[in-house]
Structure formats: structure tokens, C-alpha cells
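One chain, chain A, appears in both complexes that follow, with chain B as partner in the first and chain C in the second.
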Partner chain A sequence: MQDTVLIVGAGPAGLSAAAQVAGVGYKAVLVEKEDVLGGAPIISGYARLVPSGEWAKDAIGRMVKRVEDDANVAIHKGTKVTELNGEPGKFTAKLSNGKSVKAGAVVLATGFTHFDSVNKPEWGFGTFPDVVTTTQVEQMVTAGKIACPSDGRTPERVAILLCVGSRDRQIGREWCSKICCTVSTNLAMEIKELSPKTQVFVYYMDIRTFGLYEDRFYWKSQEEFRTKFIKARIAEVTAAPDGRLLLKGEDTLVKRPIVIPFDMVVHAVGMDPNMDNPEIAEVFGVSLENHGFIERGEHYTNTCGTTRPGIYSCGAAYGPETIDDSISQGMAAGARAIADLHGLTRKAG
Partner chain B sequence: MATYAEMQQVFDDIRSDFRYDHELNGCLNCGICTATCPSAQFYDYSPREIVQLLWTENVEQVYDAMQEKIWACAQCMTCAARCPFKNSPGGLVAIMREVAIKHEMQSAKDVLRPFGRVMLKLITTGNQLSPDMIQPDHFPDWGPNIQKVDGDLRILRKAIPMKTLQTTDTAWEISLKTSVEMYTIWEMTGVLKSLELMDENLFDVIEDFIEEKREEYEEWLEEQEED
Partner chain C sequence: MAIHEKSLIEPERLLRHDTLVVDGVDVSGHWNTMITPRTITDYDDDFEAVIQRYPGAENVHRCWQCGSCTNSCTMYAQNVQFNPRYWIYAVRTGLKEEIIKDKDIIWQCVSCNKCTSICPKDVRPEGVMKALSHWLEDEGHTPKSPSRVFDEEFTEQIYARGRIEDSLVLLNFFRKTGQPLVPQWLRVFGVRLMQHLPVGLGMRFARNFFFAPRTRSWGRTGEVLKQYVREQKEATHG
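Showing the complex of A and B:
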């Protein structure tokens, strides 16, 4: 009887799937390509998470500790799966560290890649040091200081540009990255907490702080933190002679072109499909949907399934996803994988 | 003042253009087109407004925009390069201008009148600008660099490796066959029809000229056969 589930990726979804599998008495083998566990929130140094407000290193750190302390979870760091053979109930995976794993089912918790802002050169990332990404500001918040990278000064005016690498047919990214609106309103408040004199402006096409994020983040950032929201997609970021940044846009409600000076410009970067997805699709024999994320098998009765029986997925591997929902989906995928083992056991017995 | 039915007809002509659905996918009202538009900096013109009027099928305001606004667009197409929805506001303006011409709108006639001379020069010589027009006195806005074109123009032009460019009174040597083929293209694509709608006198002059050129070409062909 096969009692092992192979889980690929140790971010929030994979950690959750591993805990689920081990929690009901089966064995999980967790394979992570990076040398640390925790996924994007740890590797990219996120600050406080939405919506709990807990520091990422504490919250995700707890998830990491839970699997590290579990004797039913075997962990391979700095390792990739290079080959997968077999069928539901009896897969064999070869790992890049030379080992091989026998598993009854596989969960791909392979996540996403942050959009690389150099792909939108007109917005100045890579050209001007004071144009940064939300990831960099997360790191500033974690370090406890908001400063312009060029000279270390505290910015008087910060602009956050939404939908960088999202909702943009020009660069083949036709999806909404789902989390950036809320993350940006949260960051606006965090910037203000660390630097009360800094004014924060958010430039948006639409604000999508869905569900309970509306009042807790969007409204609160205005009511308590005086964040200004301007409905405009910025055309270009350039520099003024004094070194400050200039944003060129149209204030669509006032209906006139505007040029506004800022000290720091933040790209709210979206979620790309994991840049390794072509390799993942090849190794695991699963399909990708047309945006490049992993394709779901069927929505309603095989929610966690990919296009290959016995291989499941969860979290941002399926498309832009929040940390909370990635964790729930990790549990679901873990449980679904166990059902495969269990079903096969019953059949055999 | 146009009747509503007339304005509706204008709108229907725009919407039924074969390029329309390619240039207009929807609109997120983000304003990046207007933000990046050089004309919007100087004129009462906003590509976002044009897109919105068309997308919301505002028949009256579309007609109104065709009286002046659409002629402010420089057709640089930066809007099309920026739009996250991949609309082409500039492409829509091109369609609207063609429909304005088709409907013989006064706005189109007013805007295009100064270009009559250019058109005449272009059709009769195949060029708009010839080397011998570039005299230092004529281009004060070029600054001192204009001196670089001072000299024996004929010899300077001989230095160009392309033989067809070694001309001084036209930008390049025009082949009679190419000219006659161009006239056929203009005829078949409706350029000459548009010209007739906009400026009948200019059209008559140009048509006479084309007829002469065609005769000239026929004669040349006959000469070739005789040889």
C-alpha cells in the first residue's frame, strides 16, 4: 500500500498540504527548489500579511515549523523533481539530489513568479533608483525604514501604481493579479505609520479590494491614513532636473493631462505564472492554461485536479491567489490526494 | 444642424468599418491614452473621450467630436502602443476622418484645404519636397546647421550612391510606370473619390493630369514595341 504524497513547493499552499497529509497519518515528501522553506512571503521578505496583520516571518514561520517538527514529513531543500513516472497509486519521482521518491499522489504547490518591472520600461524601473516594487517596500517596512534608494532621504510624496504586469494586453498579461489592490492599500498605511509626514497617492484603473478588504483596507487607508486615490493609469515616469520623479497621467475625473512630482514611485507588481511552469508541465505531464498557469482538470467535482489523474494543484500555481486561500486550497489538495491513497487501499483490501 | 437620423448614419458608417472591432475592444477608462497624447497637451482633444463616445454609442457627441476634435490628432499612435486593452484611439480617429470625408463635412473641407497644394505637388511630381527647395533663407528654424546643405547641390547629390536620388528638382527620379500604377491604386482605394468630395476643382486638375500621364505611358509602351 502506498502511503506517501509527494508535494512540490513549500510556500503557504505546499506547507499547508504537507501538514494536512501528515495530520491524518499519511506521509508527505516535500520538495522545495529554494534553500529555505516558506515560499514568496519568506523569500521576498514580506512585511505584515493581509488580513491578519501578522508579520510574515512569524505567520509563515509557524507553518514551516509545523512541518519541520512533523516526523511524517520528509523535506528536500534546494531540490527539484526531474522526472515523474507511473500512475495514480504508484508514482516514482526522481529528484535532482539523486534520491527517488515513491508516492501515491502528487500535489503541485509551485506558486507564481513576481512580475519583473523591467518589462514596462516606460514606468522607469531599472532606470531611476527611486522607482521600486511593492516587494522592495515590503522589505523596507520589514526593516523599519522608508527611504529613497537614491540618497536615503525620507520621501515626502510616494505614488503607488496599480496593475503593473496585470490587466495589460500590451505585454500579454490579461489577468487581474487579485491581491495588489489590497496589498497596496495595506502598504500605504504601513508607509504612513513609519513616516507620518509622507503623503501616499494610489493611481488605479479600478480598485478591487474584494470582500471584507473593502472597509478594513480601502476605506481605512483613506479615513485613517489619508491615502489619496486617483483614477489614472500613468503613461510615463521621467525625472525632473532636481532629480525628483515626474509622473505623466490623465486625471480621468477632472479630464486633463497632469504631470506630478514624486520622491518615490512604487510598482504594485502582479503575479506571473511560475517562470518554471514550462519545465513543470513537461516533468509532470500536466497542461497549462492559456495564461501560463496550471490548468484545472474540472472545476466542480475535481477542483484540485490537474489534467493528469493523480496529480493535484493548489494556490497561486492555478492563478493569482491570496495567502489565506492558498492555505485553504493546500489543505483541500492534500485531502484530495489522500482520498486517492485511501480509495486505492480500499480497492486493494 | 444635422438631424438625428443623419448623425445615426454617420455613426453606423464608423461602426461598420471593417477595422472598427479591431481598434475598439472596450475601455477601462484609465486615461493612459490621453496621458500620453501630445495633442491632448495643447488642444481640446482627448483620445479617451473619443473611445468613450464610440463605446457608449453616443451618436450625437460622436458627431460633435467630428466637427473639430478629431482633427487635432497627429496620428502618432502612441495611444495604441500604451492602451492596456490594446485599443487604437488613433485608428478610430482615422476611421472617423474617412467617414467625415464621405459625408462631405465642412470640418473636413476646412482642415484639408491647406493640404491641396501638397497633394497637387505630390501627384504631379511624385514628391512633396525637392532638394532645391532647401535654401538656407527658407528654413530659419533649422538654425546654423542649415549651412551644411550649402554648396553645389548638383555635385552633392551626385555623391549619393543611388542613381535615382541624384536629382535636384525632385527628391528622386520618378518612374512613369510607377506613377501610373499609383494612380490606379488611388482610384481603386477611393483616394481620388475622397478628393472629389473634398475639393472638386483640385480633383478636376489632378484628373486631367493623370489622363495626360496615362497617355504618355501608352505612347511609351507603343514606342517600346516598335523598337
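Showing the complex of A and C:
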């Protein structure tokens, strides 16, 4: 029992944790509620990943294959953990497929849920077919064609609205989702590559392409791909008589109202806490922080910890996170779990 | 309701009919004053490319509106209407009318290049100011500059004869720019020169050339001087 780690969620973080656990000779049990492994990049059909530029299905596909080929990893797809009992070193989990798992430690790699744009009705998602989300555009890029959903035409002009479901007290999203600026500037370049005549405008409050994303994504999209950045938080998306979309707002740099026609409007949706988090918190006996993400334990000496000993977390379960950092954190959580199990064994022996 | 604070609104946005009757009600004069909205209803996607074809404005698309150019600007310190950041934005979004509105200010750039030195994105705003001045001239929003008139005369002569005649270039340049060959300042300069020429001095030079007068009360001073020099030489060399 003390050589097994139960890992919940098979996205980048969970896959990385499983590989780490198995890699040092421990056993990993990977439980995934969806029928496929890979998490959001696979389920939502992401195109090329930031910052590697690799196609999601190739990059994440390698991570999936690595754990599938590892005899030390047992995988349960389409399965949830329904009950967890015990203490560090001896947990017993009941699964929704009727099986039960004995494990010494648990890693919650339960990730996030994309913000649902219908919660910002003034921005037209669900009302106008040509208002889409970044996830949908990712799928268009994967399919190799940028087209307005309403009639399939190639858009002459695309607007990407940043901070949809982020930094918005009105809807209780008081966090920055961290990745949308970079993802959006990357998408702007991908749109331009597929449709060179399309003009892409990004409507922003701030541009937060942190760290090395600054020149590789923000500057590059502006300087090489001619993306235009307009400082305005859009008030409303409506339809023009000719069927195009009208973006209403204030251009704060010129202190003037704007009503600009667009063919397609893209919501750069933020990262919500996993919609199952209340259930996860109850089943695993961990607390959620005030935004609804998994609450971090004391970080300095209880790295990857939660509020319950023996249960660890990583990646976007803790809050908005990049894929690369989720992978690193998954590895860290796996290592942390093993280290604690090793400590228990040593104490017992 | 009459609009009292008209001074706060650009004159071209104020609409007024001297006589107007609406539904039988006489609303002539200021009673019908309306203000056209400032709403931006579209972008001109091509304007930026037009301006970028002028030397100096090649990097205008790099601007991210930090305002460093305006903050460092020599002219902005004199006149807050002189705002390079704003004009760069107008170029990027195609707000041509905003550029035209400021046609009498943009050329005032003194090319101190503080903006170009400080710009974190290497936009080179000073070059953009020059480009805008040239564009305004090309489009006829501002009159031809003297340097352009000169260039045209110069070029025309080359086209016609393969060479220029300096005096003809200058003559035609002065004529085309409406400048007299002898401008007012040159005339004043000549008159003052004549007025203050030392004519008497010249005449004295001439008289002395012919008559070689002696210095007043020179007497025997010359002989005494000669004697002294001789004695000194003997005392020194023996």
C-alpha cells in the first residue's frame, strides 16, 4: 500500500505525476473522469501549445503514451473517486467503477474548467453564432480553416476580447487567468497564418505576456503579424443590420466611444476552478481557497501540500497555470508523495 | 436647451441652422444646436501602410502606446496638443481626420530626437512626425514647403537639359516662392552698410599716399632716436 500513489486527473499535471511516481519504481493509479487521457489540451482540442509550438496531440500524446506503456501505472478512464478513507500511508479509495484502490498518498491533478462565456451575456456568446471562444478557435486552427460559424465565410476582421471570465468582480472572478494574453497573441498569429488577409485586433485592459512570452508572442504578433492592440474593455457586442457584429466600448487611449464592425469576435476565456471542486473537496476532505481552487498547504516546507496530510496537488487545480508549469508541478507533487511514503517506510522499518 | 459651453466642443462638431421649424415649432438659431458624436465607427486598415511608406515611419506598427515619446517631448512641454503618442495611435487605427485636424502643429517637431532615444519599442517617433508632415503636404492639406519647390525646380532643369544653371535655379526658386530677388532684409543691410562706411578714412588714406605728411611736432625726434639706437648697439657688441 505504501508503494502506491493515487493520482486523480490525467491532464498534463497528472500524467507528469504518474510518470514520476512510476519512474522511481513506485506504483501509480491514475483515475480520469473522462474517457480519454490528456486533459484540457486533448479534450478541448488545443492546436499548437505555448511556448513549444508543438501540436497538442503530439506533445500531450507522448505524455499519454509514456504512462500507458508503463507497467507501474494502472489507468481507470471514465471513472471518479467516490470515497476516500484512511490516513497518510494507508488510504483506501472507492471508485465509481466499483473497484477500490489502496494507496499511501493521493495527488489531486484535477485541473480547471474553462469559463463559460454565457455568464457574460453582454458579449454576445450564445446569442450570435460568430461570437466564439479561444477554445473554438483552437479547434479551427487544428482543423486548418478559420471561418465564421454563421455562414462559413473567411472573416475579414477578427476581434479577440481579453479577460473574459477573469479580473471581473461582477461575476466573482477576481483572478487573472495568466495564460489568455499569451494564448491570444499566439492565436492571432495562427489566424494570420491560415488567413493572411484577416485583420486581428486584440481588445485589452493590460497585456500580461509574462516572462519570456513578451517578445516571442506579444511583440512578434504585433510586429511580424500586424496584430493591432486596442486598449478598451468592451461594453457590449451587438449585430449590425448587415449581419456583422458591432463592438461597443470606449477606446481609453483616445477617450472616445467606439462602435466597430467585426466578422468574428473571440472570447479569451479564463480558467475557472474545476466545476467539480465542491465534490472533490468533500470526497478528499481538502479545503478550497476563497476563489474555489484547491487550497495550498504551507508552501515553504509542505510543497505541493493541501490542507489534508498525505494529499497533494499541482497544476491548475491550485489556480490558473500554464501547461509547462503544470507538468513541472505534477512531477514535484509525484516526488513529494514518494518522499513522504519513503519517510513513512523508513520510520516503520 | 441651448448649449452654453460651446467653447468646449470642436467647432466642426457643432451643427446649427439659422432657421428651422420642427413640427410647427420655430427652433431657429441656437435652439436647434446639435453636437455630432465623437464615436469611432470604423478603422482604416490601410492608412498605417500608407504612412509606413514614408522614410522614418517604417516602425510605427511597433507602438504599444506607453507614452514615453509624449512624456519626453520638447514640444509637448510647450503645447499639450503636440502629442506624438496620439498621432501614432491615429496612424495605427486609421483616424486620418485626427491627423488632418492637427496639420498646423505636427510640423512643429524640432527633431530633438528625445522620443526616439527613449522609445522602448524602437518606433522612432521623430521619423513618424516627419513622415506625417510629408504626407500632409502630399495630400495638399498643408502648402508646398520651400524645400519642395526648390527640389522641383532643380529636377525640372535636370530633366530638360541634364544639368542645372545655378543662377536660374535660384532665380526661379525665388520667383516660385514669391520671394523678391532683393528681399527687404538685404536692402536694409545695404543701406546700413553704406550709412556706416568710413568714407572719410578712405579719403585720408588717399591724401597721405600722395603727400606723406610728418607726425605733428616730430621736430628732431628722429635724429635723437637714431643716435640712441646706435649707442645701444655699440654698448652691446663693442
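By definition in this document, the second predicted complex is superposed on the first by the 348 of 349 C-alpha atoms of A that agree within 3 Å, B and C clash if a C-alpha of one lies under 4 Å from a C-alpha of the other, contacts with A are read in each partner's own complex, and residues count from 1 in each chain.
The criterion applied here is as follows: a residue touches a chain if its C-beta (ideal position, glycine included) is under 8 Å from a C-beta of that chain, and two chains touch if they have at least 3 such contacts.
Keep in mind the model is a prediction, meaning the values are calculated, not measured.
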| item | value |
| --- | --- |
| Touching partner for A:254 - first (chain B), second (chain C), both, neither | second |
| Partner chain in contact with A:199 - chain B first, chain C second, else both or neither | second |
| Partner chain in contact with A:163 - chain B first, chain C second, else both or neither | first |
| Partner chain in contact with A:231 - chain B first, chain C second, else both or neither | both |
| First, second, both or neither for A:223, with chain B first and chain C second | second |
| Chain B/chain C common contact set on chain A | 231, 251, 257-258 |
| Complex contacts: residues of chain C adjacent to chain A | 37-43, 45, 61-62, 64-65, 86, 89-90, 92-93, 95, 98, 121 |
| Parts of chain A lying in touch with chain B, wherever the complex brings them together | 122, 163, 167-170, 205-206, 231-236, 248-252, 255, 257-258 |
| Chain A-touching residues of chain B, taken from the complex the two chains share | 25, 28-37, 40-41, 46, 48-49, 81-86 |
| Interfacial residue positions of chain A with respect to chain C in the complex | 157, 199, 201, 207, 219, 222-223, 226, 228-231, 251, 253-254, 256-261 |
